[in-house]
Amino acid sequence: MVKYSPKSIDLQQRLQVFMDAEIHPNEATRAAQLAAAEDRFAPLPLVEELKAKAKAAGLWNLFIPESHAGYSDHGGLSNLDYYALAETMGRVLWAAEVFNCSAPDTGNMEVLMNFATPAQQKQWLEPLLAGEIRSSYAMTEPQVASSDATNIELSLRRDGDEWVIDGRKWFITGAMNTRCKIFIVMGKSDPDNPDRHKQQTQILVPRDAPGVEVVRALTTLGYDDAPLGHAELRFDGVRVPAENVLAGPGRGFEIAQSRLGPGRMHHCMRLVGAAQRALEITCARVQTRSTFGRRLAQHQSVREDIARSFSEIEMARLLVQRTCARMDEVGAQAARDLIAASKTSVPPMVQAILDRCMQMHGAAGLSGDFFLAEAFNYARWCRQADGPEQVHWMALGKQLIERYAGDAG
Amino acid sequence: MVKYSPKSIDLQQRLQVFMDAEIHPNEATRAAQLAAAEDRFAPLPLVEELKAKAKAAGLWNLFIPESHAGYSDHGGLSNLDYYALAETMGRVLWAAEVFNCSAPDTGNMEVLMNFATPAQQKQWLEPLLAGEIRSSYAMTEPQVASSDATNIELSLRRDGDEWVIDGRKWFITGAMNTRCKIFIVMGKSDPDNPDRHKQQTQILVPRDAPGVEVVRALTTLGYDDAPLGHAELRFDGVRVPAENVLAGPGRGFEIAQSRLGPGRMHHCMRLVGAAQRALEITCARVQTRSTFGRRLAQHQSVREDIARSFSEIEMARLLVQRTCARMDEVGAQAARDLIAASKTSVPPMVQAILDRCMQMHGAAGLSGDFFLAEAFNYARWCRQADGPEQVHWMALGKQLIERYAGDAG
Amino acid sequence: MVKYSPKSIDLQQRLQVFMDAEIHPNEATRAAQLAAAEDRFAPLPLVEELKAKAKAAGLWNLFIPESHAGYSDHGGLSNLDYYALAETMGRVLWAAEVFNCSAPDTGNMEVLMNFATPAQQKQWLEPLLAGEIRSSYAMTEPQVASSDATNIELSLRRDGDEWVIDGRKWFITGAMNTRCKIFIVMGKSDPDNPDRHKQQTQILVPRDAPGVEVVRALTTLGYDDAPLGHAELRFDGVRVPAENVLAGPGRGFEIAQSRLGPGRMHHCMRLVGAAQRALEITCARVQTRSTFGRRLAQHQSVREDIARSFSEIEMARLLVQRTCARMDEVGAQAARDLIAASKTSVPPMVQAILDRCMQMHGAAGLSGDFFLAEAFNYARWCRQADGPEQVHWMALGKQLIERYAGDAG
Amino acid sequence: MVKYSPKSIDLQQRLQVFMDAEIHPNEATRAAQLAAAEDRFAPLPLVEELKAKAKAAGLWNLFIPESHAGYSDHGGLSNLDYYALAETMGRVLWAAEVFNCSAPDTGNMEVLMNFATPAQQKQWLEPLLAGEIRSSYAMTEPQVASSDATNIELSLRRDGDEWVIDGRKWFITGAMNTRCKIFIVMGKSDPDNPDRHKQQTQILVPRDAPGVEVVRALTTLGYDDAPLGHAELRFDGVRVPAENVLAGPGRGFEIAQSRLGPGRMHHCMRLVGAAQRALEITCARVQTRSTFGRRLAQHQSVREDIARSFSEIEMARLLVQRTCARMDEVGAQAARDLIAASKTSVPPMVQAILDRCMQMHGAAGLSGDFFLAEAFNYARWCRQADGPEQVHWMALGKQLIERYAGDAG
């Protein structure tokens, strides 16, 4: 039903070759390097080697959309064309970085493409596009429910040619990484503005600016997600030049909105790949074990769980593909109903599929010996990242009631 | 993402016009005619008028596939092309009959196209195509689990130039209808055949043959599904000529298999339409009622239920569309994984959506004043029709394990 | 864990004997009498005979609580003591009436015990206690969301020594019954009262009062619930004497609150009995059928569904028992958290159990040949009766937040 | 409804005092000690101090049942009496050890009480009862589905006065702990025995026996569960004296069965406590945060999730209490239906409750700042510990079909 462009099909084939040759055979090595690392948040040698190979193979910055074709060698891809690539990458949780396609850098690069000055782009976007540095997007705060972005309290105060930054952030993905050099920070610059969507500003803050403190690494379900990591940050009288503001004061909310569509979908794309792989390895697993005189594969309830997972994966994949196609047609804003549907449906479905697959693996399924448990954590995390389901349901429900019944008040 | 043919798009537009002009405005009239009917299983005048109009409007026998183009004026439609039409029809539970597209006649006509002799086609297929008579497919038996077709016990015994039929059937949809004239009966003709898939034969039995008894009407939940109905039948020494056998003795199982792909999908197509309509009327309903100082539309949990239902409808629709497209490409046999996924996923999803929509309607949602409760019954029934989910999961799970892990034993 | 009084244990044993001797053997007869009835809402001869026998056997008005011991021969029962009796009655959907323990009469009798004058009691309560007439509780209105009782719009206007009643009601259970003689009607008598819980009044209205119209019978999921029925009513300038007001003008909301605790629990009690019976007959059914070479009883997924249902029934039973015990200790008001927990948990659990049991029965499970489908309708209906789950969750959630965190605002 | 003995009530009160004074105030300290530990699997100073205090306070070995009263100062407790204590301990995941009530030592001590010789008891049971050493129960093997205990492959071979042990085990809880001194190992000693439940033997193996290798620590989700830990073990020609066999050769399966009843219930008891605490802190959390102009506590969906969780906790608690009471009355074997119901129902319910509570906490809920994520891991782990749900459903379903329908074949 889905039609990919010849360019995407060519990339899909080459990506598959790369995955088979370079990624899958190295999963154990990567795990061993991380386990043995002195600093869990330092880059891993294997991944650096693979990045070089991927770049050489023309499998680099695949996320770049057609609208920013100039930033890529491949000329940009539609969301749908990218879908197939991202699903494949999603089969290995750390693979996206090899192709410079990992969050939060992809979203940050898009922000810089859209809103940064040429000088800012030279300083930060170019090394990001080259995979030489990493970046963070500093939105969530510990003391408020940040899914309502207007709650953000970090203070941005203009002082002459500078902005002074005071406040806290947490769950800032990537900020633990030793190669993370730049934060895009969302703060409140104009708390008295009667339009509460104009009170916020986004600003570039170098990670090594005086007053920036990386307080600690946070975990999700026991995982530190190294070497990426989720950090708690403190900004204590940090000063940056006025030109570090992105787009202009008061446009923080607008930038936040623009960033979220593709970012949410990238997670969904990869989650489908993770679920698909989980299904496949579970089919293999249940063939090798027996209980009560028959292979697990022969138990009716095992077959049901596998059949159900297949059906759900198909539906998740189709929903994500359709959302991508729709974004390509009408843009993210007009496709926000489907984006919300994907964002709220895919992560919990994949979580449930992984839960079943773990169960069919026995205790091993919960361990680090299979990728299931870590993928489960990723799916669970995605139910919070970019806002909990509840917030998106609220907006989507309101939109639908308006569509079918007029103003929902 | 889906591309319909120009023919389908034209039919979709004309069907929509017909629905708006002739079907929706007549829902109350149809209900009143049925309530007032002397015989609940006799044809309703309104529906007969509408059939004539639909035929005149070129909206007739839309289900006929491209492979049997000669039987239709429109030249046949792919499964995907038909999808959009069937979804629209599904918004009103009795609409499909108006376009001569209702079960079980559509499946029976396909059987007759594929397996009947010219004489049989003249006698039975032609009036069915003309909407002059109706038909039933007599498979399920009260005394055995009929989802395993090899359990069928109705006896078919050859006696000279005739077959003698003894046994019972039930849940035979359509057999209550006064215009039902012909049954396709599945029975066991060769119980000792070592290949248990060759023991069955299908045979044409006129409803008025001596020895055929329509014992009673059965209900599902509280519905008699009049004027279609589900009958219990008794066959007591019924005799039909040898040429009434379809395809040949021992080919009953094969015919059964051939029949099921599109039939299952037609139910799914219509269920998506029913769910979509339920969502739309629920959005309208929650705007008109208030509790505890706010409209239902403003309650977060109502918005969540609506958003969730939208997402599920999208996924169900996409799965059905993709299954149709796949059937068009590779045939029903090769698409049996997706057919099973649709058959097992769509009815329970639609049941859950309708359950939620009924709940948001209050007690009214359970009544006959809205179409929700009857649609709920239809979705629930579809979880048994053509076999319970469990049987399809078993087969699909086995197939998937084989695909990803080799022989599932 | 549960300790019943000797009186309850004695009644339980005698009730069981009666069920085995008089109820179960007559299930088919009762169905046949109803099917053959000229007026589906007239009393059934069988049930009248059984009522006489139950009365003679001392199994009458078992619902009467200890607080109203004087109205019963048995001296009243605690809620917990009654629990075991009601669960047993719940195994047959129409059994409670045989023991004069059926809704809505039980709740109405309690209202009359609590709030009626001696004259009113003589006129209405005595024949109700004797099982000679039936009654209805007229609360729900078609044009407003009645789960918020302050929405009630039926007009009660004082005119001299009379009240004048104008408005509509629907889903008034029992009002179709030919022996229903009296309605307890809730209306708005003081719409301008600043305390919106004092605007309502409850008043006794004879079913044959001029201006009362029984408009039509309503169905739920296709069931008319005859001979009890759910009616739509119109009150057109109906006049009743001022003394027909219960308790006093403005106390309607208070009476409504008082009535609901036991009423909700009685439904839950019977639903547990229905679920238990469903489990038992399903265990028997799966032994008698085979698919794919093994009895259904041997399929792992069948065993899982049965095991799961057993566990859920145990939990539902324990929750209802505990709620009853708590009501006995501290009263319905202080036990409202557990009442809400039962009211919102038990009906959907029982609905899901029945859904599974129907599925394990094949198409037969949806028919009238087993009690499953009708019990399913009862469980589904109970999710609306006395307010939808959502309303109770709202109140319970608020109460819990206050309990553990202070004022929930 | 539940009646605890005066002894239990007294212990409950004293335990509560201890929890309030010594456990809750030390949660952060314990976490800090663990984070700073050089060896994550060494005993934590704080816990050792608290153990001494608990012992002094008479809150020691509370798990000891009445049947083994002699081993305790308190004279033994019924399962139901212990329930209330274990629920309270379960509010803090590491609290049970403080009272010498933690798995797997409690189960191992019971095995030693039941099956060990006086000499073995002196050597191993006494220091376990004193909290001086820890122990492991080595059942699960990496290469087979160990939920079917007859699959166990570790070889036990008699050689003169010794047994020689060869094989692998994994997910051996407690075996990482530096104070773990003794393993109870299940192996296959008589593979040709026609009774496949007599092929197994359990044997005592000191952790420091030559040939025992602690290969590595395993994780579940991202947790190493330090300082307890789950180990992979290798036994390579390990020799122990013949008298180390428990009960006698061939009785391994019997011992395994005897051990499991209370063990499974202890997990359930603590999980109820964990869920209860989660509910309470979530009620507090939702009061402190606002989105879209209202406190989370005011959002209808938040109230629903809280109300639902309360109801589920009540049901889980009641089921566990009832199972305990039933074990007290008739023994674990006769109460195996309820044990299976608890074992399969409580962990997934608690997992779902914790999932909801994490969601209501935002990203923080997944972190180590609240106990929710770690409790989630505990609940998820319990769905595998002592066998996956599927195995227990299978046995319970079979038992129920037999009960209600005769032999389930």
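Residue numbering begins at 1 within each chain, and the chains themselves are lettered A, B, C and D in the order written.
Following the convention adopted for this analysis, a residue touches a chain if its C-beta (ideal position, glycine included) is under 8 Å from a C-beta of that chain, and two chains touch if they have at least 3 such contacts.
Everything numeric here is computed off the predicted structure, so don't read it as measured data.
Visitor: What's the minimum number of touch steps needed to get from chain B to chain D?
Guide: So the least number of steps between the two chains is 1.
Visitor: If you tally the C-beta contacts for B-C and for C-D, which one comes out higher?
Guide: C-D
Visitor: Quick one: chain C and chain D, Cα centre-to-centre, how many Å?
Guide: Computed from C-alpha means, the inter-chain centre distance equals 43 Å.
Visitor: Using mean CA coordinates as chain centres, what's the chain A-chain C distance in Å?
Guide: Going by mean C-alpha positions, chain A sits 52 Å from chain C.
Visitor: Determine the centre-to-centre distance between chain B and chain C, using the mean Cα coordinates as centres, and give it in whole Å.
Guide: Chain B and chain C have C-alpha centres separated by 37 Å.
Visitor: Two-or-more-chain contact residues of chain C, please, as numbers and ranges.
Guide: Within chain C, residues 299-302, 304, 390, 393-394 contact more than one other chain.
Visitor: Could you pull out which chain B residues touch chain A in their complex?
Guide: The contact residues of chain B facing chain A are 1-2, 80, 279-280, 283-284, 286-287, 295, 297-298, 300, 302-308, 310-312, 314-316, 318-319, 321-322, 325-326, 337-338, 340-341, 344-345, 390, 392-394, 396-398, 400-401, 403-406, 408-409.
Visitor: Help me check something: in the complex, which residues belonging to chain B touch chain D?
Guide: Residues 299-302, 304.
Visitor: Where on chain B is chain C touching in the complex?
Guide: Its residues touching chain C are 140, 142, 144-148, 151, 170-171, 218-224, 289-292, 296, 299, 301-302, 355, 359, 362-369, 373-374, 376-377, 380-381, 383-385, 388-391, 393-394.
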